[in-house]
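Structure provided below as structure tokens; questions to follow.
A, B, C, D and E are the chain letters, set down in written order, and residue numbers restart from 1 in every chain.
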Amino acid sequence: MTWEYFWLILSGVPLTIAVTLAALALGMVLGFPIMLARTAPFAPLRILTIVFIALVRSVPPVVWIFLIFFGVGADLVQMDPFTAAIMTFGLISAVNMAEIYRGGFIAVPVGQHEAATALNMSRWHHFRDVTLPQMFIFSLPAIATYAVGLLKDSAIASTVGLKELTFQGRYVTEMTYRGLEVLGLVGAAYILMSLPIAWLSRNLGETLKRRLAR
Amino acid sequence: MTKTLIKTWSSTVASSGKTLVSLQRMSKRYGDHLVLPQIDLRVSEGEVLAIIGPSGSGKSTLLRCLNYIEQPSSGVITVADTQIEVGKDDNKRRVRELRRNLGMVFQSFNLFPHMSVLRNITLPQVRVLGRSEKEAEDVARRLLERVGLADKASQYPSRCSGGQQQRIAIARALALGPKVMLFDEPTSALDPELGLEVLGVMRELADSGMTMIVVTHEMSFAKNVSDHVVVMADGAIIEEGPSREVIPNPQTERARRFLRAVNER
Amino acid sequence: MIKLWMGTDWATINSWLPQLWDGLVVNLQLTAITLALGVPLGLIWAVTVRSRVRGLRYLTLFLVEVGRGAPALVLLQFFYAGLPQSGLVLSSMTSAIIGLAWSTGAYTSEIIRGGLEAVPAGQGEASQALNLSDWDTFRYVILPQGFWVALPALLGFAVLVFQGTSLCFAIALPEIMAQATDIGATTFRNFAAYALTGGIFAAICIPASLLVGWIEHKVAARSRR
Amino acid sequence: TPSPDVKTLKPGVLTVAAQTYRPFSIVESDGSVTGVDGEILKQIAKLECLSIETISVDAAAALNYVQTGRADVTVGDWYRTKARSEVLFMSDPLYVDQMGIVSKEGATKLADLEGKTVGTVQTNLWVADLKKLYGAKLKTYPVLVQVQQDLKNGRIDAFVESYSIAMLAEKAGELGGFKAAVAGPDERVVSSKFPGQGSFPMNKDNESLLKAFNKRIAELHSNGFIKKALVQFGLSESAGNTGDPRWIE
Amino acid sequence: MTKTLIKTWSSTVASSGKTLVSLQRMSKRYGDHLVLPQIDLRVSEGEVLAIIGPSGSGKSTLLRCLNYIEQPSSGVITVADTQIEVGKDDNKRRVRELRRNLGMVFQSFNLFPHMSVLRNITLPQVRVLGRSEKEAEDVARRLLERVGLADKASQYPSRCSGGQQQRIAIARALALGPKVMLFDEPTSALDPELGLEVLGVMRELADSGMTMIVVTHEMSFAKNVSDHVVVMADGAIIEEGPSREVIPNPQTERARRFLRAVNER
């Protein structure tokens, strides 16, 4: 494998990172209303959301990216592979974020809600000032863990022609017929990218636990 | 500002014997389980009432129903000028009106761990009373000084001892200027010396004329600080009267058994 | 979307089902074998990652971090296409089992570790005070309690493993995605074929994850008991 | 002189969804397309005064691109079949491509491979027929590289591929000691009886483009351009004699 | 069998004044933090020693180092015939030998929640002493009867009150026939009446001649049941002596302050 191919493979890295970050950001925003719907007192909405979450999680990402890219993309709006990848993984991470947020929500001790009630805070202030920040802090380690998973799943975007890391890896494999080195390089690149997030999630968990320890 | 503060701390110095809190036939059930069959209670302005009794007798439930943290099942609740008939006119607005006169302190402090001590005290003032940040901060600092923690303002709660946290919780409740303070075993999560700090603050508060309802296992506090005592067992008030009479010399067999247990430890 | 379904009627779809079913059986077998190997591996790693022996601890940490850090696809291809260059030729099925079991072991070791760490410290201290040996403490006290904590997450992960087996089409294993691709290539109706495959996954995974949710609920109720 | 009223997705631009499938279609790293199909396509575009825009994708995705009207055309040795024609327009044939066998002993009959492990690429037309023939012994792969690697690794004993491709690979020394041969006709495998006719799949909504393409393909057949392209990429000139357009069932 | 039981319950009735536990210059540090600078302690056979002192003074750490739940940093520990020099001969075998003579009861009971009450008591006997299931069960039932819980044998711990759980924990520890029992605030997680049950069992145990070291905040227990008391503050023993002398009349200022806090509650 020549240096030219080496750099060609690595040229996929920025797109891999971009898809991961954009999908994560989209998921973190969209996950929120989904979480609210998931915990809504109105039963039909809640059940619908549960089914929706189950559906999105049940179908493998590769099927989703085809459905969105060729389905929605063809009939409604034209989109490039990058947009489709972000929408697909944004959707998938949104439902996962919703569940992560819900876990964080449940982790807020009952006493916090009782105190906010006893202090006569309005529902909105109770939510915004007491529940939300703690929920978010409790969710952070899980979000970091999820981000690692998302980074790797983004490889699937190569199937609709996004020239990210895996796509470039496969291209070089086809050009050179050398699977082992290319695979090693691609794998190592993913691991190197995931290490900082994994490290962050471990340490974040510890720091936050200490911070919120009563 | 100073006016506000004085009001928050001792709005009821001039104890007058006027009834400030009353519960009439209040009951509470969880599903099939009738936890409080029917409670009648009356607390006068400036009075300190201690509620004692074995575990599970419904002391916490009583306090929590009184300020609607738990929805009571029936009865009439009156605090100062607000009277609520359970199930009739207990809409959100009325309940908030009721709570405005009630401050509450929990066994487990329940400070907001993600806010500094100062913010814990100013935030509710800003949100609930609509005070300016500046004004709220002045009130908070004055109260922190009263509970002996002026230097902790910028710390986070987790950096404070349990006794300090509980004193901060008291300051937080007082900052909203309640007419009545409710305490649910405020010292039982604390070890003796730290508990003493908290009891000291409570005693001072009582002396300043605050109306207080205190669920407690601290007999010397009940005996020396409270005016009246209520003994509960199995969701009912089995004995009540002036603390100095009831505690050393209970009349019912059940109350006698409980008090013996407490004193023999 | 309409365009992509164009002309795909029920009769056509019906004619695909036997082929997809053949693929699905492969996915299910692979899931069962992967879990049967991966979960015990995860249990072992959950213990060795806390070992006092430094070498063992770092080796485990390395295996776990690679297993979690590399996409499953890369692990699969490593065993399938990479190892032959060093002279070791594994069949598709063997490569799939090893690759997925590694990834499963890495993830479940973290899940199980979490479960074990959720057992209150007092339980271990009481065992020590009662003079139970380390092994007895683990076997009779920590593991049974940690297991219940980890169970819902493990079951949830099992559903993910099932979905993950669809990646094995990349190493020439005739599982359901490979079958769908075959159908798509012969008929040019790959959108319909993939959508149908997605439907099959949903039909299996939705009930499965609802079941997992229900078990989670039961386990939570049990721990409150 | 461009054909009158020929329409493309973007006016003046021919959008191509392209995969790399040597020697028929090769996407260069700068994004331009070449190979036999690529050269023919570029010539057609030139004659129609269209510029080319390439989208580089997988084989499966390439079809969806065309089908959903995201690309005008795709390239890469696509055989004309009945089933495919229900979904997409297939242009008139460009060349014929025979079924080939790669094996140690240079087998020429599909029947000789029975009982052995045989590989082939998923998108090939004969996959369904071979499945009936070889059952579980048939292994299908997403890309050709993997087939070749597994042959060398000993996971498969032989593979079935377009003869042109196999022959080229042998010439390039990529087959190790294995030999490529044309697959003789076999009753049970349609593709062995009729060589596949390679063509351009196009969207069903755009008949004008099909017409224009068919017209140009006829021109390029008669002026020898197609044969030249075949030779340029190492194939035999005779592959350019396609015979009449027909559908494989 | 009956012999076994009698041994588990009162192996040391004939109190002789012989030293059973001794700590010499034992210290414990967590990283930079020296929690116990240097402790010397001696407990005779049949003696009940109470350890009191404010929170964080190192009482729990002392107990936990004594039976090696926490690794001490230096010193010499002697229990009955086992002498261990920290860092020298504290291998696993020796530590298990040390623990064989020590039973421990925790503030939070630490029963095994996934086993029945009976199994909680039989399992350690079977695994540690190698008793047969039958023999272990006989011992367990006898002990459950002694702590008044014969009817709870087949229940799960979570179905028992805190007081019952603690009594079960005591039975579990006694079943292994220790020479010395260690208690770390055994009643402070319990409310008064339930605590009394546990104190009753402990008092009986003391009367039967068991050697005991009890960390506690229960002053009447310390005063009436224990023979000696040790007052700790900041990791050091600041005062020690016969309970009946030290508790009503401490000599050091720090001990006086602490005892006042405890009594004033």
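Rule of thumb we're sticking to: contacts are C-beta pairs under 8 Å (C-beta built on N, C-alpha and C of every residue); 3 or more make two chains touch, one makes a residue touch a chain.
The shown structure was predicted, so the numbers you read here are calculated from the model rather than taken from an experiment.
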Neighbouring chains shared between chain A and chain C, ordered by label: D
Reaching chain E from chain C through chains that touch each other, fewest steps: 1
Of all other chains, the one whose Cα centre sits farthest from chain B: D
Between chain B and its twin chain E, rotation from the CA superposition, multiple of 5 degrees: 180
Leading chain pair when contacts are tallied as C-beta pairs: A-C
Furthest chain, CA centroid comparison against chain E: D
Separation of mean Cα positions, chain E and chain D [Å, integer]: 84
Separation of chain B from chain C, taking each centre as the mean of its C-alpha atoms, in whole Å: 53
Chain centre separation in whole Å, for chain B relative to chain A (CA means): 45
Euclidean distance of C-alpha centroids - chain A vs chain D, Å: 39
Shared interface positions of chain D, touching two or more other chains: 60, 64, 67-69, 149
Shared interface positions of chain E, touching two or more other chains: none
Multi-chain contact sites of chain A, meaning residues that touch two or more partners: 66, 70, 74, 179
Chains touching one another, given as label pairs in label order: A-B, A-C, A-D, B-E, C-D, C-E
Touching residues on chain C, where the partner in the complex is chain E: 120, 122-123, 125-126, 128-133, 136, 140-141, 144-145, 148, 225
Sites on chain D touched by chain C in the complex: 59-60, 63-64, 67-69, 81, 83-84, 86-88, 119, 122-125, 127-128, 136, 139-142, 146, 149-150, 152-155, 201
For the chain A and chain D complex, residues of the former touching the latter: 8, 66, 69-70, 73-74, 78, 158-161, 163, 170-171, 173-174, 177, 179
Chain B contact footprint on chain E (complex, rising order): 54-55, 187, 191-196, 199, 217-218, 220-221, 257-258, 261-265
Of chain C, residues touching chain A in the complex: 1-4, 65-66, 68-75, 77-78, 81-82, 85-86, 159, 163, 166, 177, 190-191, 194-195, 197-198, 201-202, 204-206, 209-210
